Amino acid sequence: MIELSLPIAFLHSFTGAFDFILHQREAQTRFVQVGGLGQVWELTRTHLEVSGLALAGSLALALPVGAALGHRGRGEMFAIGLGNAGRAVPELAVIAFLVAFIGIGLRNVVLALMVLGIPPILTNTFVAVKQVDRDAVGAARGIGMRETQILTRIQLPLAVPTIMSGVRTAAINIVATATIAPLAGVLTLGDFILSRNVYGDQGVLAGAILVALLALIVELSLAGVQWLLTPRGLALQRERAAA
Amino acid sequence: MIPVIAATVKVMLPLAQLPSNFVHHHSTTTCVAENRFFCADWAAHNFDRYVDPALKQALLVSVSVAVGFTVAMGLALLSHRQPKLAPTFTGLTGVLYTVPSVAFFFLLLPITGFGTDTAVIALSAYTLQIIYRNIVAGLANVPEEAKDAGRGMGMSQRDLLWRVELPLAVPEIVAGLRVATVSTVALATLAFFAGAGGLGQQIYSDLTFKTNIIIAGGLAMLMAILFDLVLLVIQRLATPWLRAGAS
Amino acid sequence: MSAEAPDSLDGPVEAPSVAFRRVTKRYPGADEPALAELELEVPGGEICVFVGPSGSGKTTAMRMVNRMVEITEGDILVGSTSVRQRSPAQLRREMGYVIQQIGLFPHRTVADNIATVPRLLGWDRKRVEARVEELLELVRIDPALRDRYPAQLSGGQQQRVGVARALAANPGVMLMDEPFGAVDPSNRERLQNEFLRLQAEVRKTILFVTHDIDEAIKMGDRIAILREGGRLAQYATPAELLMAPADDFVEDFVGADRALKRLALMRVSDIDLWEAPLAHVGQATSEARAKLPEAEVPYVLVIDAERRPLGWLSDDDLLAETVPAKPGTSPDPVLELDDVMRDALSDLLQAETRYAPVVDSEGLIAGVLSVEIISEFLTSPEALTEERPAAERPLG
């Protein structure tokens, strides 16, 4: 009995979740309409907005600092240590810290998410820029390139794959943590998950599905961006090394 | 309502409520009442309440990483034998890594129910990508001439794997374990959503009480550091030749 | 064979012959064979060197013997059994295998590296221990290094550990693919000499790959010259090869300096040495001066009471009353009768001196070698025609 009913119940709950996504219904708490594509779109937009702002902010800060340190080969302890420390920071603690110490709201959530986005980008940028083939850098100096030119024309292009893998890790962290942003008053897709008393079980499952899809789409898009940004010669070199 | 979900509702209800301020009601000192930066008195008197959740979280992390390691090792050995499988495994573990853990918990609920099992499944799935990638890289970096010499001495595939390839891959494997473990400690703070308790439960129980956030968050980070140190020691013990070479 | 013969634990192993019977190798997807109908036989206990340009199939030929590469056509016999009838693992455990990159296991100590095959064979701990000790001594590695890791050894030491590891289970056959290729030239010569001395003790059947014709001539009892397309150009002793190259390819490969190369086949003892006027410490210099006019060597060599060379008298020394214990010019380089002639010549040239004292195995003076003796030999017709008593290899 149970063996049979389990998969059926399982299927049933998923069809319910899809129904929640597609059609509005009355909230568990009565009187308001929830679910449906309209609300899904609204929450998705907020989710992308906080995530996008946080990622952009992280990039704006971490990329120049990481590149500058990597170019000079200085601050290894700081760059690597920050990356390690960043991994140890619990997402929930970041949001809770925000709620308890700083205050809620979109701007604060973006700042909090940047705490998770900055470390992987900074560390990877540092490592990637520092690792770039010394011969290539030496050759560039030899033909009279200025240091900024060496950084922007030689080191950064060659560092793209590693930097982008840091950016992707940052994006995954940010999108995931934005899911609990409703605790700090910003209604992202996570609201479906966290406010079960409003949306019901089907809403919770729908939220989980939507968050997972969103994360996968963001990851795939960034993989595409990485492919576009990677210099052709570098990609060929890697293929060759792999073969 | 569907039975599986119905069963979870009862347990989940208290969680679904907005964070209550239960701590304040039990406390009367002015520090707590004014919610100052850190109330040392309160912390000293209430530290007990964090011990069990911390231990529970430590256990959850250990089990999850152990499961993740076992599965990742299995996948890595399979794709080591059969390189055609590697892209599939990389893609699969990559997807599991990408899905946010909170979403993962709730996606699993209808299947595995509310409880520690669900948390372990989601957390260990999350570790797969990092550990798998590192084992594969570790095995790939074993010097070709060492393998050739091994074969030339009549080692079987098995001998070669256990006596040469895996020992030489240890540094990269442990490096992967360290990253995975530290991340899992942080992520396990969310595992109470799946019904596995832990320090996250304490944080969630009063999101506005500063002392609470500092203690619980601090303990979680401390736990990550301790795990990392333990693995670092294991790595050093398991690879005496690396230090010898450096001296 | 000396008392600490390495075979003492296992009893002497009769080194088997290795015979290639029309062996062809075609790699999948390649049109041309990597090795074409190779036919040759290496007698037991001898060194056969495979030499030839890059891609001529040397490594392929060697790796088919222990089935690291499978034979396409033909057969290889070790002793009287075909390698095809043996399981690869068994076969490999009975053969030593040394490669250019050495391939020591970085995570294992020197002793553990050497013990690899004995442990695979399931020897008990005591026997393994004893064997490791014996081998360290045999390849002249300081026993204090036994617990070091490969990264803590010099290139030459690593190479010797590699050889010890290959010898561990007392195999009858050794396969060596450019074993000294990664060692710098100055150490290479020493390793070659040590290896020849070792072979004199252990008497294995050795297949040795190199692309260095000089190394081939020095190391080989027989040389197989391979050419592009994996075809055998000539299989002969070094002397035959130098005197009668089979065709233009071999002649080219051996090089125009064939006469010079013959020096690699000779020992200092094979040539008539000159005599220098000798003087003892404390003797009156006038006596020594008197000998100079009719001497072959225009310098006086000072020797001690046991007849060991101490140095040459300098012009200042000749002005003094008696012969000093520390003559003005050092005797270096001091050569030995057993030295290979080519090495002796290069020592002379390196020291920028025309004469060097030659001593016997006890270190007592046996004569003087000069650049003139060698150049006379090189311009004489016998250098290219008469088979000189090729140096008895390996050293006794």
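Lettered A, B and C in written order, each chain numbered from 1.
Please note the rule applied: a residue touches a chain if its C-beta (ideal position, glycine included) is under 8 Å from a C-beta of that chain, and two chains touch if they have at least 3 such contacts.
None of the values given here were measured: they were computed from a predicted structure.
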- Task: Give the label of the chain whose average Cα location is farthest from that of subunit C.
- Result: A
- Can you pull out the chain pair that has more C-beta pairs in contact than any other? A-B
- Most central chain, judged by mean Cα position vs. mean of all protein Cα atoms, is B
- Note on the structure: Per the C-alpha centroid definition, the whole-Å distance linking subunit A and subunit B comes out as 19
- Can you give the whole-Å distance between the Cα centres of subunit A and subunit C? 64
- Message: Taking the mean of the CA coordinates per chain, how far is subunit B from subunit C in Å?
- Response: 58
- What are the residue numbers in subunit A that touch two or more other chains? none
- subunit A partner, complex, touching residues on subunit B are 1-5, 8-9, 12, 16-17, 19, 35, 94-95, 97-107, 109-111, 179, 182-183, 185-187, 189-190, 193, 199-200, 203-204, 207-210, 212-213, 216-217, 220-221, 224-225, 228
- Task: Over in the complex, which subunit A residues touch subunit B? Could you list them?
- Result: 5-6, 9-10, 12-14, 16, 84, 87-93, 95-97, 99-101, 172, 175-177, 179-180, 183, 190, 193-197, 201, 204-205, 207-209, 211-212, 215-216, 219
- Quick one: in the complex, what on subunit B touches subunit C? 143, 145-156, 159, 163-164, 167-168, 170, 239-241, 244-245, 247
- Note on the structure: Within the complex, subunit B is touched by subunit C residues 66, 68, 88-94, 97, 99, 101-108, 116-117, 120, 148-152, 162, 165, 175
